[in-house]
Amino acid sequence: MKIKVLFFAKLREAFQTNQVEVTFIGSDNKVSDVLIALRKKGEAWADELDENKSFRIAVNQEMVTEDVTLSEADEIALFPPVTGG
Amino acid sequence: MKIKVLFFAKLREAFQTNQVEVTFIGSDNKVSDVLIALRKKGEAWADELDENKSFRIAVNQEMVTEDVTLSEADEIALFPPVTGG
Amino acid sequence: MTVRVQTEDFDVGLEMLALRQRNPKVGAVASFVGVVRDLNDGDDVSSLTLEHYPGMTERSLEDIVSEAKDRWDIYDALIIHRVGKLLPLDQIVLVLVTSAHRGESFKACEFLMDYLKTRAPFWKKEQTSMGSRWVEARESDASAAMRWDKMRDD
Amino acid sequence: MTVRVQTEDFDVGLEMLALRQRNPKVGAVASFVGVVRDLNDGDDVSSLTLEHYPGMTERSLEDIVSEAKDRWDIYDALIIHRVGKLLPLDQIVLVLVTSAHRGESFKACEFLMDYLKTRAPFWKKEQTSMGSRWVEARESDASAAMRWDKMRDD
């Protein structure tokens, strides 16, 4: 299962990329599994996606919590708390 | 003591005038004394200024209650509850 | 000028720009525009005539603006109220408030409208297919204004 | 269109006219404009860059407008939010709401701003004399939005 993960704002800058693809063997993966995989990509990743950091998660453009189960072709996005308006 | 009384909106129409002058002998007159004098001017006056009617009183352009004591040259105004905005 | 009573129409965009551009610390502009509706209490309204008490009107509006400035951390406020004959879709009243953050300007703007509705000496007369009639004061306006009195006591 | 995300500036007066003139039953127009301030947290801001999540932004704004229409008796709402580089005094966001009576449009307008501030994926980066920095989310925005959640439960 391939999952596209987008990054915005401070996370995009910290990871020096605006998206990555995460591949899983098997199904029933959750957002939390994606986070675990991403934290292994390096210090900036482990730091910014630490459980104590307040980042937001969207799946298919809806904000969700990390216990959401993913389907093939889902679009995940990770970003800081929003500051528009 | 001469007191000028202005009327607005429905009261102006009912009394067919936008102002009258009320003359009192002596001082220490209150707004309520003016109302008593005005009610004697005819049926429309007695009717519109009846105690049960909800009209508003301003003295020198500030809304007040009828127990306010008047001074020479005060400007009284009587009008319906306001409906601007 | 903080308050204007006039027969002419007003341009919301221009008034807003003029009010906020004075001050680069303005982060929030709340506004309210009242408009003549073509229907009131079930009858078609063909036009509206607004009468006021010259002198007292300006004074009461200025008092209301002062009170808003005492209560909330706002920079500026503007009230424009039209008088004379108005037609459906015409603008009647504009209230503008500027502040650093939005909460203050929202509250002050609503307060200004609520107080204006019960304290500023304007009277509306409607021309309908059933003839002319003075608009009756609404109980809901009195209670809207009273919310703020209560808040002050808290 | 109910929501627009754009780099260009907007004209509040024109947008207001377009929204309200569709409907002669509109008696009230509440609006809010957010403006770039030249100062934030004590530092001079020379410019602001607004990033967003294309697609999700429009969708979240439309959801917020739908929710406002479910909650209050309003006719129409419009949200315009700018992205890209902005300077002090530039307009950032416009929220417009029309209704028959003022209470509904005031409430819906403030609700739209509060929800937008916590739910719509925009991020501000400030350029100051001390360098660039991402604006931190405010706790006060989270609690402003939570007021409405609470109200719904009541």
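Think of it as A, B, C and D in the order they're written, each chain with its own count starting at 1.
To be clear about the criterion, a residue touches a chain if its C-beta (ideal position, glycine included) is under 8 Å from a C-beta of that chain, and two chains touch if they have at least 3 such contacts.
These numbers were taken from a predicted model, which means no experiment stands behind them.
A.B. asks: With subunit C excluded from consideration and all other chains held fixed, what connected components does the contact network retain?
C.D. replies: Ignoring subunit C, the remaining chains break into A, D | B.
A.B. asks: What is the set of chains touching both subunit B and subunit C?
C.D. replies: Chains that touch both subunit B and subunit C, as defined above, do not exist here.
A.B. asks: If every chain is reduced to the average of its C-alpha atoms, which one ends up farthest from subunit D?
C.D. replies: B
A.B. asks: If you average the CA atoms of subunit B and of subunit D, how many Å lie between those two points?
C.D. replies: That pair's centroid distance is 48 Å.
A.B. asks: Need the CA-centroid distance for the pair subunit A / subunit B, whole Å please.
C.D. replies: 73
A.B. asks: Which integer distance in Å separates the CA centroid of subunit C from that of subunit D?
C.D. replies: Each chain's C-alpha centroid was found; their separation is 23 Å.
A.B. asks: Centre to centre, by mean C-alpha position, how many angstrom separate subunit A and subunit D?
C.D. replies: That pair's centroid distance is 26 Å.
A.B. asks: Going by the touch rule set out above, which residues of subunit C reach two or more other chains?
C.D. replies: Answer for subunit C, listing residues that touch two or more other chains: 34, 102, 113.
A.B. asks: At least two other chains touched by the same residue of subunit A: list those residues.
C.D. replies: Expected reply: 85.
A.B. asks: Contact residues on subunit D for subunit C in the complex?
C.D. replies: 11-14, 16, 20-21, 24-39, 88-89, 100-103, 105-106, 109-110, 113, 140, 144
A.B. asks: Name, in rising order, each residue of subunit B that touches subunit C in their complex.
C.D. replies: 6, 8-10, 12, 54, 58, 61-63, 77, 79-85
A.B. asks: Can you name the residues of subunit D that touch subunit A in the complex?
C.D. replies: 34, 50-53, 55-56, 59-60, 81, 92-93, 113, 116-125, 134-137, 141
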